[in-house]
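The structures considered in this document are given below.
Same chain, two partners: chain A is paired with chain B first, then with chain C.
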Partner chain A sequence: MDEFKKTKEMNSEARGEQLFNAQARNLRIFKLNVTISWILLLLFLVFLFSGIDISIGDAHFKTIHLDMDFIKANIGFIASGVGVTIGISLLSIVLATILALLAALGRLSKFPPIYALSTFYVSLIRGTPLYLQIFFFFLALPQLGIILPGLYAGVLALGLNYGAYMSEIFRAGLSSVGKGQREAAIALGMTPGKMMQRIVLPQALRFALPPTGNEFIAMLKDSALVSATGFVHELMWRATKVGRAQFHNLEALIIAAVFYWIMTLAFTSLQSRLETHMSRGDR
Partner chain B sequence: MSTILTACGGGAPTAADLLEDIQNRGYIMVSTDPNYEPQSFLNTTGKRPADSICPSDALTPDEMQGFDVDVAVEIGKRLGVDTCFATPEWDMITAGNWADKWDISVGSMTIDFIRLEVLDFTTPYYYTPAMIAALTESGLTSVDDLSGQAVCAATSTTYEAWLSGTLQLPASQIYIQPPSNVTIVTLPTDQECAQAMAAGRKDFIAYVTSDTVIDANIAAGIPVSKVGSPVFSEFLAVAIDKAHTLPTATLLKSVDDIIIAMHADGTLSNLSIKWFGADLTQDPTK
Partner chain C sequence: MDPIVKISHLDKYFGRLHVLKDINLEIEQKEVCCLIGRSGSGKSTLLRCINFLEEPSAGTIEVDGLTVHVDVKGKERRELIHSLRLRTGMVFQEFNLFPHLTVIENVYEGPVTVNNMEKNKAIEIAKMNLERVGLLEKSNEFPNKLSGGQKQRVAIARALAMEPKVMLFDEPTSALDPELIGEVLSVMKKLAEEGTTMMVVTHEMGFAREVADRIFVLGEGEIVEEGPPEVLFTNPRDPRTKSLLERYHN
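This part shows the complex of A and B:
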């Protein structure tokens, strides 16, 4: 009887291991297939821009022809805008984070003017296009005697815009901290300020930081809109100027696209590491 | 409202007028649109000199090249100051109200009556004929062939105004009236018109631009030809914003004198031959 029980236990253990191994193998095969498919899609994209024309019988297939000499001659000049693009995005995300936190706190305020200011800001900014806001700060502020260099006018517009959207993230972060914790903080005799600083904000920020990373990645691409004023010589501006003057808009824009994609890939991988790091200790 | 705000803001100008302000700071800020070769385009291998006094968001002459750029640098030299370049979009330049961001425009701008409401112009520094270009394979030969068709022009240009029949120029400068019933397609710059056609788009059958731009298009291998004869003559001049917070009369007079002197001593002719291969500095109506 005991013997029988033991073999049965061993069997179920071995079967469990088998099942586990099978799952791990399936996952490996799935990942491998995904990688192969990615490579095939990338190769197809490269082929689409190769300029090779194929004729099979009566069927003709044309691909997009790019001027490689233009690309070689201008890739360095366009690429030197990458630093400016990342710089604008970093400055803007810092400004946006501060504004978003203030707007989210304002939204929780019981004092009507503060609550109104917060909701008014979010409503106005979210109710108008970013492209329009960039021109507004560029054209309207000088009339108030504030003449900002193009870069800072762009950072202001991007920061204000993203701050309004990100205030929702921070609001969700603040409300993710349970009511019981606030009550406990008050029971311990903390002032509302202390409670925010020591109990609510640290937990809310952990919740809000990964989505902020996502906003930064989105901003890397929206920063291209700042080029429209003509005073910020970032990736998009460089690509449109050399493209137009030398009649190769397509090539110039493709160079810019490649760099935007590389930046996005790099920051997305950073972002997923950050998320893994932040979620440690979560249960 | 805006005038009140301007009056109380403005960062405390100490100079009596714009010319003095330029001399005090040691550089003149010139706007030009670097979308056009050979008029004005970026020198992608040029580097900003370490000792440049130009603001950080301006370009130095080392980073720019072209006919307009050389003319602007010569104007700066004769004023005794350095030249720096601002590169706003074209429609922001023609609209006036520059918010003191740049001092003058040396950007092949045609003098017309509508722009004269917001901008002051100097004596023209060169003249180009406006022309129509179409795909060579289309076989178009005269402006009348364009009746009822779609035609492309860049936004806020005199070419767009000519097509829509609102071009305000002295009668002697307009050679041909626009074709009837054209649909106007406006794109950001003339170059988009040419490239859209070269890429095989069928949204329009021709575009209007200056003779010099068509020459550059053809030289770059875009398969277009000129249609008929010039449609109007552009008198291209330096522009100054009327809404500048400082008085601009002395600057306008100084730059005007410099342009006249550059005509007289052959500087402009030489630069025109250098960049266009032809002397475009003679008034075609005289």
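This part shows the complex of A and C:
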């Protein structure tokens, strides 16, 4: 009887091990297939820009021809805009985060002018195009006697714009902190300010940080709009400049696109690592 | 001896709903009193009016010599309510531990942030109170690693660390799995034996009968009956008390 029970237990253990291994194997196979498919898609994209023409019987397939000499000669000039692009995006996201937090807190205010200021700001910014806002800061500020270097005017425009959108993220973060948390803080004798600082904000920021990373990735690409004013020598400005001058717009833009994509990939992987890190521990 | 808690002519409306009707009660020092009643009888609201988590509509709250009349306004009102909250400690049904802080940080947060206590001293007080609830070894865990019963015991330690004159318990075991209720009740019983003044809103009739010095029965916003448990449980006068205790007796 005991012997039988023992075999049965061993069997169930072995069976569990088997199922676990099968699951792990399936996951590995899935990941491998995804990687292979990515590589194939990438190769297809490269082929599309290879300039090779193929004829199969009567059917002719054309691909896009790029001037490799131009690319080699100008890739360095365009690449040196990467730093400016990242710089603009970082400064803008910092400004946007501060504004978003203030706007979200303003929305919670019971003092009418503060509440109005917050909703007015969000409404105005969300109601007009970013492209237009960027021009506004270059054209209107000098009339007020404020002459900012191009970079800072761009950062101001991007920061104000993203701040308005991101205020919703922070509002969600603040409301994710339950009523019970506030009551516990109040019952301990905390003032509203202390409660906000010690209990509500730390939890709200934890909630809002991963989506802020997403906004940063979007910002990297929207920073290209700043080039339109012609005063900020970031990635897009450089690509447009050399492209136009030498009638190789397509090549120049493709170089810029590759750099944007690489930056996005890098920050996305950073972002997903951050998210895994943040989700550890609490709740 | 003067009562440590005195509630006079307390009324509370939620909109048009009259949930507390002219409540008057006094609690002596070191007394343990239980508030029982059906849900909706106003017992939790009464408890939450004592530290102004709910604003009373009328009446006076007195705790340890501090009198707060509902009609006081402005800065004086804020200061009075703050003092009232320092004199009371509260334990919630849903624990409400701070999830971003460890167990010990939860407990010393109050002394440090509210009383501006030096951190080392606050940590000592936190350790002492975690010892009291038997959870010193969990000091550095985050609340999400604890069982419901352990969470509630930490919440009790957090309230005790502020050295309140009265502990208010708002259905402290109602959110717990049945097998975890015992550990929380035994901590509360220990506090009662140490002479802590306690007001407990509860459905745990066994606890009320064993530990309470006095029981208040609430019904439709009024105190329908009060008395020591031995009298109330053996000889209830009000039909509402009878029907409430029937379930316990069966």
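To be clear about the criterion, the second predicted complex is superposed on the first by the 273 of 283 C-alpha atoms of A that agree within 3 Å, B and C clash if a C-alpha of one lies under 4 Å from a C-alpha of the other, contacts with A are read in each partner's own complex, and residues count from 1 in each chain.
Note that a contact is a pair of C-beta atoms (placed from the backbone, for glycine too) under 8 Å apart; a residue touches a chain by one contact, two chains touch by 3 or more.
From a predicted model like this one, the values you see are computed outputs, not experimental measurements.
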| item | value |
| --- | --- |
| Which of chain B and chain C A:Ile217 touches, first, second, both or neither | neither |
| Partner chain(s) touched by A:Asn74 [first = chain B, second = chain C, both, neither] | first |
| Greater residue coverage of chain A in the superposed arrangement, chain B or chain C | B |
| Touching partner for A:Ala245 - first (chain B), second (chain C), both, neither | first |
| First (chain B), second (chain C), both or neither touched by A:Ile147 | first |
| Which superposed partner A:Ala157 touches (first chain B, second chain C, both, neither) | neither |
| Which of chain B and chain C A:Pro202 touches, first, second, both or neither | second |
| Touched partner set for A:Thr229, first chain B, second chain C, both or neither | first |
| Chain B versus chain C as contact partner of A:Lys194, first or second or both or neither | second |
| First (chain B), second (chain C), both or neither touched by A:Leu105 | neither |
| Chain C to chain A touching residues, read off their complex | 51, 53, 82, 85-86, 88-90, 92, 94, 96-100, 109-110, 113-114, 142-144, 155, 158-159, 162 |
| Chain B residues touching chain A - in the complex, by the definition given at the top | 2, 5-6, 8-11, 34-37, 41-42, 44-45, 55-57, 59, 86-89, 92, 97, 99-101, 189, 191-192, 194-195, 198-199, 217, 220-222 |
| Residues on chain A engaged by chain B in the complex (per definition of touch) | 73-74, 76-77, 139, 142-147, 149-151, 228-233, 238, 240-242, 244-247, 249-250 |
| Contact set on chain A toward chain C in their complex | 178, 180-181, 183-191, 194, 198-199, 202-203, 206, 281-283 |
